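Read from first to last, the chains carry the letters A, B, C, D and E; within each, the first residue is number 1.
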Amino acid sequence: MMSAKTLRHLIVLALIALWELLPRTGLIPELFLPSLSSTLLAGWNDAAEYGHALAVTLYEVAVSMAFACGGGILLGAIVGSLPRPRLLIMPMVSSLYAVPLVILYPVFTVWLGIGSESKIAFASIYGFLPTMLATAAGIQTIDPQLLLAARSMGATLGQRLVRVIIPAAIPTVLSGLRVGGALVIVGVVVSEMLISSAGIGYLISRYRTILDSPHVFAGVLLVLFMAIAFNTVIRWVERKAAIWQTGTRAGQSAADEVGSGAMQPAT
Amino acid sequence: MQATLTIRLARAAIVIAIFALWEILSRTGLVNPRLLPSASDTLVTLGDLLQRSSVRTDLLVTATEVLTAFALAVPMGALIGFLIAENRYFADVAKPLLFFAFSIPKSIFLPMFILVFGVGFAQKVGFGFFSTIFIVIMSTTTAVESVKVEHLTVARSYGATRIQTAFRVYLPSMLPVLLEALRISMIFNLTGVILAEMYASRDGIGHQIATWGENFQMKQLLAGVVMVAAIAMTFNELIRWVETRCSHWRT
Amino acid sequence: MQPLANVTPLKPPPRAGAIEVRNVGQVFRTRSQDVVALEDVSLDIKPGRFVVLVGPSGCGKSTLLMMMAGLRAQTSGSITINGAPIPQPDPNRVGVVFQEASLFPWLSAEDNVEFPLALRGVAKAERRAKAQDALNLVGLEGFGKRHPHELSGGMKQRVSIARGLVQDPPVLLMDEPFAALDEQTRMTMGDELLRIWAATGKTVVFVTHSLTEAVYLADEVIVMSPRPGRIVDQLQVNLPRPRTYEMLSGDAFGALRDRIWRHIRKSA
Amino acid sequence: MQPLANVTPLKPPPRAGAIEVRNVGQVFRTRSQDVVALEDVSLDIKPGRFVVLVGPSGCGKSTLLMMMAGLRAQTSGSITINGAPIPQPDPNRVGVVFQEASLFPWLSAEDNVEFPLALRGVAKAERRAKAQDALNLVGLEGFGKRHPHELSGGMKQRVSIARGLVQDPPVLLMDEPFAALDEQTRMTMGDELLRIWAATGKTVVFVTHSLTEAVYLADEVIVMSPRPGRIVDQLQVNLPRPRTYEMLSGDAFGALRDRIWRHIRKSA
Amino acid sequence: AETIRVGLPTKTYWPTTIAETAVRQKLFEKEGIKAELTVYRSGAETFEGMAAGAADIILDPPSLVSAGRKKGVMSRIVANAAMGNFGWQLMVPAKSTLEVKDLNGKKVGITAAGSGSDLLALWTIQDRKIDFTRVPVGGGGLVPNLLAGNVDAAVVYSPLSFQVARSGEAKTILDYATAAPPNLTAGWIVLDKFAEAKPEVVQKAVNALYGAVQFMRANRDVTVKLIADLYEMPAEIAAMEYDNTIMKLETDGNMGAANVPAAVQLSLDLAKLGGLKDIVPVEDVISTKFKPVPTKP
């Protein structure tokens, strides 16, 4: 069988070909999906504009990411490891998340301002909760015996958090991070699309309003590149953290990847 | 039992505190009451709206769409997520692609759904499904990866089939992570359906909410948001109920 | 306590638990270096024998058991059970009691014991009865509804033993099953095990660190040395059965025990 | 192997590990019923004593240890260490070696041993040296870089013991630390432990199922009975120190062992 | 009977009133067709809806038709619906003393970049030779941000403009209905394919729609009540909407009229200002095949 990577690349190639061919043959109107070449051309022609927008968006994404992921992991870890707050706060938090923020966003800009602050606030909240919920849930799967052992050695709450809870929950935390990070990107772009005068989302929605689909998809392409970059970072962290994940499924496959671990009959 | 009672009381207290804060902010004029109508006004408006049969129909339509999309997205997403976690090859092929799909704002694709489904039930459900499935897949993958190897070894030694392993080992060990995932998925699902309704619609509450928002009818807007939030919270409670029933083995 | 005759085979399996281990080696790859856990191990276990494996900590006993159970592939050599290789676990041929209790925390003690039966689709009532019998056998009457975290270390291990017994396969592999038990319980459980073994004609491969227990239980004791794990001695225990506590102080017993002891001492 | 003198206290703590247990009871609430794990247990352990706790499986030994370590609150009664209650774990007063190895799977063996030192902010070089000494002491020289899943059951337990020793608290609570070890290693480790104990003047509370080990190590053996857990006997072991293997076959030794055995037999 | 699917850009916009009137007065039925109304989020979405085959006739500005043709969506305006930006106003908070000329360097709220409000803002910049920052705040953010002072002024659509003027929260400093030159701001649009395949359906649909306009002009009370119901607004605001927009709508819709090409051209020129690059000749944007014959109620 061909290697997974090859197949994946083939799929990507096929998608690219389809992207070019479907609009060209008129199977999909160019309005909905402009051909890849015209998209690239549109992006190239206005490269300066897109470059500027990307800088704005990247800044917003980076700041929101710090809030959402950092805060999400920390709070998730605290809430997940203390039973009282967990019972008290978690339901409230997930209920709060149920409030459709997208609808209220235009109103929120009143207090948060129309600039980057409101995008950062929105995207941080958007990405924060999944990260936090995933972390908290991951922590509940930790072997309580390990926490007991750490406690017996006099680990303070902070030490338990950093040295036991987070490493033990790392697989869950990492994928919480994945989801949270992706949502931060979506959150920034969506809020830019709704209300803003800068950033990739702004360009997307502006060109969309005048039905300039190649320019819209040039923006989408940039969002995709951000996702690819973020994914690369996460994979790097994942590989670094592989050693922490021993004893779980994630650890097993990570270990396989590193090339250690004994041969195992097929599961 | 006593602990749960105090927790319930504390929760109720927090809810009341939030509403009180809302009321005070608005009444004292700390926040322009035109921008944030008071909680009591909003609740009164909510009552009025619920009297209208059209609003009730809209709510029903939205709820049906949401549930249908959810009922389709969750099993399918869980299955794909499970396959990804179980099968390295499939994972290597699909995981990055799915992740990229997940990171793109979905609303870009709304016109495509109209192209395929026209405007109506199928399109809303389709988009709700599309907004939900990626997160279900990603969360399921996570959940599967948190399963302990020693438990799998035990099951394997007893000759458990794949299905048996899935239901008897994976499912119970994954439950905490999975329920959290369900919660988040539901919210994505709801947002997806509402976005689709806002985009193009003949009925549904999302469509109403969009109109209220654009006409600066803040009371109705907030009441609408409360309605949607209420649907989501009901669902949340449902999941919590399942959670408390299943989690007794955890200390 | 009840005799295990109650925990009868679900469908009487062929009581032919011959195990052949031929030139088996196991190499683990770790980040730093390759670890030769076992090297050139050969064994021939006749059906129905009670074989005890002893050896210092880390000599590869658990590893050998895992390979016999089809839970881990050997790096070299071959293992057959009843003449056929065992590329994957087959509960109809081999049952395992693990060194660590490995109970499912979300199941109660009795549900844990029922687990292998539930996998085979045994009816609820029947498997509940069998699980109850097995739990009584290990002295846990009345503890069926408890969850693992509500049990003491020794109790968990006994639940794990009950789970191994309830399956009733022709070959039973037990990895230090009595390590967490007090001496009295250990003796009783040993006697029970011998009775079950005699009544069902199983092949048992049993790992222990107690040399007394080894000689008391075994038809044959296999002594291993570590780094790399090899077989250094194979002793036939020709004491009459049923074994009695009086034998413990006999000369034959002492001689066997001493011989093993000298090996262990050398290699630990 | 190196004497533990190398694993010296970080800051010499007051070697005054008096333990007082007064009318302690522990009731667990489970879904079905309340379990009285311990009832009216009183104990007085003088500083520097080596006390061994024995009793049938499930009699509450681990529970008692957890309470002494401040890891679980008693339902009734009081426990003081050096005259002060111990509402929460205090590694400067009490160290614990758990019944289950409880190693952190993401840390290597040496990092696991260093863990308690890292918590106190001991410098890297110093704690590495101490961890190395402790690992050598338990016979795991050269295994420091391995992760727990790459170790055998007995090795994991020895890492856990090393982690307990490296903390060097005035009171050391050890819950069946040698259960997974072969007899030779067990003996060596027992002797090492006695040497450390003698050199540092610690108080040791040690749980074991091996009666020989109990008598061999102890100043005092405390025998417990289950359901509810109570103290049924307290024996002073007045054998001279250092203990030797010859003593094992002496009459005094046999008499003590028999006396305990009769208790266990009755209650198991 | 044939069903015609009518796509409407937002609910509280006069095309909805027209279509609803036509439905309620059974004008479509009288023409022997059925109508199905779908409300979209805004003009662009409505156009996409038609392109996706979910709507047969929609109301949108000429710029979208032009852009669509460049993107392979062939459609034309078949009937002229409005020749001005009725109800659109440049507003400042009630307490503000800013005039249009003072807006130089200030922030002005619009709904979205490239939208109708953006075009009007751009026209203001050009016409008044001033420069200000256009801040897209979305439909829902327009008034809140104006009241909160995040923007100094905002281009507000009707009947929201009437509503906030009435409540005294904001005041008008420029009324685009009179200030901007008359151009063809919106027309009824169908796909070329559809016009060719079912010309009679298109004809009947425009008949009904213009019948509705006639009916509304003749029946003030009924229409005001309809607006109040549909928009969930007080009758007073509905009356203002009636007087200031409904009464100003085109009554015959004939695309063959002499003033139409210039009006369309002006509309496209304005759009070009807003960044529209896909401009096609006027004759490609319009169709003179259909001349509405208003259905009698």
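Here is the rule we use: a residue touches a chain if its C-beta (ideal position, glycine included) is under 8 Å from a C-beta of that chain, and two chains touch if they have at least 3 such contacts.
Labels paired with UniProt names: A, B = ABC transporter permease; C, D = ABC transporter ATP-binding protein.
Source: prediction; values computed, not measured.
**Q** Walk from chain C over to chain E along touching chains and report the minimum step count.
**A** 2
**Q** Between which chains do we find the greatest number of C-beta pairs in contact?
**A** Per-pair contact counts point to A-B as the maximum.
**Q** Averaging only over C-alpha atoms, locate the centres of chain B and chain E and give their separation in whole Å.
**A** The mean C-alpha positions of chain B and chain E differ by 36 Å.
**Q** I'd like the Å distance between the centres of chain B and chain D, where a centre is the mean of that chain's Cα atoms.
**A** Here chain B and chain D have centroids separated by 50 Å.
**Q** Report, in whole Å, the distance between the mean C-alpha point of chain D and the mean C-alpha point of chain E.
**A** 84
**Q** Measuring from the mean C-alpha position of chain A to the mean C-alpha position of chain E, what distance in angstrom results?
**A** 39
**Q** Please set out, as single numbers or ranges, the residues of chain D touching at least two other chains.
**A** Residues 31, 100, 147, 149 of chain D each touch two or more of the other chains.
**Q** Two or more other chains in contact with one residue: find those residues in chain A.
**A** Within chain A, residues 31-32, 103, 106-107, 110, 144, 245, 247, 251 contact more than one other chain.
**Q** Can you list the residues of chain B that touch 2 or more other chains?
**A** Only 35, 111-112, 115, 149-150, 156, 173, 210, 213, 221, 248, 250-251 qualify.
**Q** What residues on chain B touch chain A, complex-wise?
**A** Residues of chain B touching chain A: 4, 7, 10-11, 14-15, 35, 85-86, 88-89, 91-94, 96-97, 99-100, 102-108, 111-112, 115, 135, 138-139, 141-142, 144-150, 152, 156, 173, 176-177, 179-181, 183-184, 186-187, 190-191, 194-195, 209-210, 213, 218, 221, 224-225, 228-229, 232-233, 235-237, 240, 250-251.
**Q** Flag every residue of chain D that touches chain C in the complex, lowest number first.
**A** Per the stated touch rule, the residues are 28, 30-32, 35, 54-58, 60, 62-63, 99-100, 139, 145-147, 150-155, 158, 175-176, 179-186, 188, 209-211, 261, 264-265, 268.
**Q** Considering the complex alone, what residue numbers of chain A touch chain D?
**A** 145-146, 148-156, 159, 163-164, 167-168, 170, 243-247, 251
**Q** State the interface residues of chain E toward chain B in the complex, per the touch definition above.
**A** 7, 10-12, 36-41, 45-46, 48-49, 51-55, 139-140, 142-144, 147-148, 159-160, 163-164, 169, 231-233
**Q** Touching residues of chain D toward chain A in the complex: what are they?
**A** 69, 71, 88-92, 94-96, 98, 100, 102, 104-106, 115-116, 118-120, 147-149, 167
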